[in-house]
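A, B, C, D and E are the chain letters, set down in written order, and residue numbers restart from 1 in every chain.
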């Protein structure tokens, strides 16, 4: 068979989380460009077919089925979130197509009954995050901790993992708010009066920005150490908040453009900056980038586009990524992707704060 | 098949309002056919005819609420055929609809206030006091929401409201409908007084006694056409027209 | 919490400032419904556009006190101008048609506006900071409290009284209320109802936009902000009684307190609290707290 | 015991006494008119009897059954039909369908999701429409009929319910002389023919005296006189407050 | 459109639907399944909107309840389809009876908002009742009966269920009950004074509408192999309202046209641009301005112009 190899890409492209989808998609485009410029895979170029998942499992599964039945797509990257990824994974199992989830962190995606041969999870799961988070907390010297966040799977799982690992760190309260809440003043007041030295939280996107802006005048960041999950270490967040990003906030990120520890990362950043036309790039592209690279490598290894064989090739596959070697565990179908942890500090000569004390945790 | 009475309309007298051959349709059904009429200054003209012959439609067309598809309407010799109704109202046309369209949630006073417009040269300006002198009932209900008034009270309010706009020509659609006999008589008297102050009036009415006592001239409509016009006295004497177009 | 009166006080303040933030948004929705009888789904989108417009204006003026005032007013003016065009060219053709078409129209407007915003400003997040004189906290004697939240507590009632005065105590207000009932008749009484309608739609849209600009310093400017606000605004307007300004004010207070107290006592179950409240209020008072039944005489 | 009995009925709107301790009865088969100035409380009285509003105090019975707490549709099912002062039809249904709905409801077919409605009761409906001179308008939408014709349609709809007692609130207001005359004849005939008891209001005295067998006069919410038409016609109070003839 | 032309349209549609699986495209077959389900959903809402004149913004609740219940009965209790599906529909109808009894006391926009509130309560419960519903991740993975697992068979099953439901709703709309529904829409007071217990009839309509919505939900959950909380969210309800309006409420087939067009547009525009909301929005605006009676208005215009020639 000739002609391009079709890759279905299903991401949130509208609404409040569109920035995630657009970010991941940028990485996908960059990687596909690189692969194709290098002669493609098995001599065939990759072709992207993009669909908007709208954060809705019914929409994301419908898109997947459409791509399978109408376009004959057999390889998928996406969707971005846990709920949509879980749903699409079922279709992948039924239709026997390769499905690489670049950013969903839920344990459930590749645990128990849900694990099957065709689903691969690149983002570190919440269990992994839990261990890493506690490590960082211990480094900070946290003795007591408060939790806050949206009431959804990622929050519950991450908090559970932190609790399971935190040893003698004392829990002083958990203050969950409904998904997509926009007013956090009550929670902030509660956090202030709670008996903890550290706060960890999960609101992301616009809600994280709202939280910061509401909490700052109350002095939350002056009186407590704050560590945020949900990849809020993203440069996009720092750029949006500008001078309003409180110094000293701890966060994690899949990637930061100013990391200087690896040659491969510098090369990737140069290419990305070139591709996007700006030097200060965001975090999400790397997830899409790695997903494409994994897929291309697997097809190459398998020597065929047949999804069953490609899936088999992904098991145990190791590739070179901008952040070093990453391997997909053949048992769990999870990749051991690293993530950055760090503490925001304002930068001279720049509006956007950057993370210092940057550690690339594996 | 028209039965024009010849005597009355002297071509020389200039009408304040001239309607020339207008046609009106609702969707596909044509309701008015070539309706022409004239009203002189200070004249009271009646439109009579059975239900559904087009009396109200004629008034709505003049007011600019239901536009006519062809023909011409001249107000003080200027064409107003397709003009929006608020401009007509500001230019001295007043409309009292048949369905008593009071603003139900506004109080009686607010209903009057909303319709208030500057006085017109040569006409005594209308004030609340003058209106209440005309309809004493209304004064008792100043602060009651108009929607709670009885049917007849609403009828009075619609007339009063239009007067607050200081109109030069009033289109009165069935003013006596639903009004008690005593008040009908009073309204009749007031209408005559109004006319005597120089206001022109076009009135559609079913109550023939009322019409014949009040009006200067009458137009009889049948199926959207003017089939007769003459002075009130002529119509009173013309039993044939009465029997043919107004009785059974 | 009740053991500590200071915290209780802060939470009450939190409730009130949130309520006023919500009220400013709901006021425009009430106004448009009250006169035009249109359930404006695009209200949230107008709110979002307002925030983005303020963002762009502040980009030019810089983050000064004057810049902020210009941003808020400019957002209202620019949104109002756009609303005027939309009303004149499109919406005005639908007044005589079925109610549901207007609903469909405003829904379509949401889709269009969202994408146009995305085209102009992208899908990333932005932030507007409070103007210098409202930054930081003020000491209320027993505890510090954000100045900006305090500012909302004052701005809300002022806006409420201004609108109330306009609607109930001026002839203009009476004309608006008459227009809601019978526009054809009002027109025949000499009022340019088309202009009244445009004016109301413009004013409602401008209020939404200014609401967006005013809300921005305590939230993010991003493409999801419209969806989050519209349901809150609807709940307020409905429980207060459609078209009733006082109702919206009280409705905003109720929702504000419920949101704040709910997130303390109900935590994540607060998600259903506002709906439970709406159900209860509508069952007890089917026309909302201050709404009037559309009673007719027969 | 009278057919319809209103005993000491009072209705207050806020502080306003619209109906004040009204007691009167309508005999079976009577054609009873209620007259009175605008705002006297006639429509309010009708609304009380037909269950649209609840009396503040007092009782209303039809054939001995208490009506006061019943819902309008229950009162209709007992055998009362009414028309409204302000025309009240199904505007987008044809005249034919307007009458058909009344028939379906009176025969309790509204619970049947399977019985086709299309041509149901055609003959009966056409006969009723002919009677009110709307035969030619049967396929026109009610809302598009001229005001007076809608009033005629209301009459047909009320009759279709085959009531024992019929309440008509100003049935001929807005009708032309021609239609008024034929309506008078129609109402009188049908009521007599079917043995329907009639309670109506009207400001057109010709109509009142043509139809009524008994007349009550309502003033400021109180019945100030009841009697035969010839008695009422010469009653001084009625002359003064209502008819206004010197 | 006259009854006869609507019937002709439905018959033609049915014939076309019979042919779809033989066209050899699995995509087309599956797409048609979804279009049929959404059409059924729109038709069910039209009992309320078009006939009774009540606009529900919470109709999706019953769609969701039907879907979740089917999923639960099939997967957790492992009931056979012949029992699971009717039980799910019955359950949704019981919910409708309870919710409807409270909602029909309200009018117009207040009715719309109360239904919305109830549906959001249902949504909240779905989100929070994780052990039964799967919470915000959704109920993932439904054990479908063997005979439904092939796309072809699923198509035939859907066609049968949707056709029977449609036929029942057609009969209803032309029945004396349907006539009374319309009378209530036109003038509640007048209907009341003809002896119609308006609240009771509205409740009957509400339950019937919910019943067919639950059938649609049941089919959808099986088609999706899962059910998700978004299906009870108010935007889903709004989507149904829009399909109905787009098609036109005053005819039987309007909602079918509306739902089909809306869904097909969404799917196809998606394939061409990520700016699909913009394109959708513009199309909707044009429809509203040019075809105020919905798509059915277009058909009617075409029909009369053809007749005239």
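Throughout what follows, contacts are C-beta pairs under 8 Å (C-beta built on N, C-alpha and C of every residue); 3 or more make two chains touch, one makes a residue touch a chain.
Here the structure is a predicted model, which is why all the values come from computation and not from measurement.
Undergrad: Walk from chain A over to chain B along touching chains and report the minimum step count.
TA: Minimal hop count between chain A and chain B: 2.
Undergrad: Hey, what chains does chain C share as contacts with chain D?
TA: Joint contacts, listed by label: B, E.
Undergrad: Give the fewest steps needed to get from chain A to chain C, where each step moves from one chain to a chain it touches.
TA: The fewest touching-chain steps linking chain A to chain C number 1.
Undergrad: If you take the mean of the Cα atoms for each chain, which one ends up farthest from chain E?
TA: Centre of mass proxy via C-alpha means gives B as farthest from chain E.
Undergrad: Among the chains, which has its CA centre at the largest distance from chain C's?
TA: Measuring from the centre of chain C, the most distant chain centre belongs to D.
Undergrad: With chain centres defined as C-alpha means, what is the inter-centre distance between chain D and chain E in Å?
TA: Computed from C-alpha means, the inter-chain centre distance equals 42 Å.
Undergrad: Could you tell me the distance, in whole angstrom, between the mean C-alpha positions of chain C and chain E?
TA: 32
Undergrad: Quick check: how many Å separate the C-alpha centres of chain A and chain D?
TA: From the centre of chain A to the centre of chain D is 74 Å.
Undergrad: With chain centres defined as C-alpha means, what is the inter-centre distance between chain B and chain E in Å?
TA: Inter-chain centre distance comes to 51 Å.
Undergrad: Hey, what residues on chain E touch two or more of the other chains?
TA: 127, 189, 277
Undergrad: Which positions in chain A touch two or more other chains at once?
TA: 13-14, 179
Undergrad: Name the residues of chain D that each touch 2 or more other chains.
TA: 43, 52, 84-86, 88
Undergrad: Residues of chain B touching chain D in their complex?
TA: 26, 29, 49-53, 56, 98-100, 137, 148-153, 155-156, 174, 177-186, 206-208, 246-248
Undergrad: Show which residues of chain C lie in contact with chain E when the two form their complex.
TA: Where chain C meets chain E, its residues are 39, 90, 93-94, 97-98, 100-101, 103-105, 107-116, 118-119, 231, 234, 238, 242, 268-269, 271-272, 275-276, 278-279, 282-283, 286-288, 291, 294, 296, 298.
Undergrad: Residue numbers of chain A touching chain C in their complex, please.
TA: Result: residues 13-19, 21-22, 151, 175-183, 185-187, 189-190, 193, 205-210, 213-214, 217-219, 236-237, 239-244 of chain A touch chain C.
Undergrad: Which residues of chain D touch chain E in the complex?
TA: That would be residues 50, 52, 71-74, 76-77, 81-82, 84, 88-93, 97, 100-102, 104-106, 109-118, 120, 157, 161 of chain D.
Undergrad: Mind pulling up the chain E residues that touch chain A in the complex?
TA: That would be residues 25-27, 30-31, 34, 127, 135-138, 140-141, 220, 224-226, 228, 230-231, 267, 270-271, 274, 276-277 of chain E.
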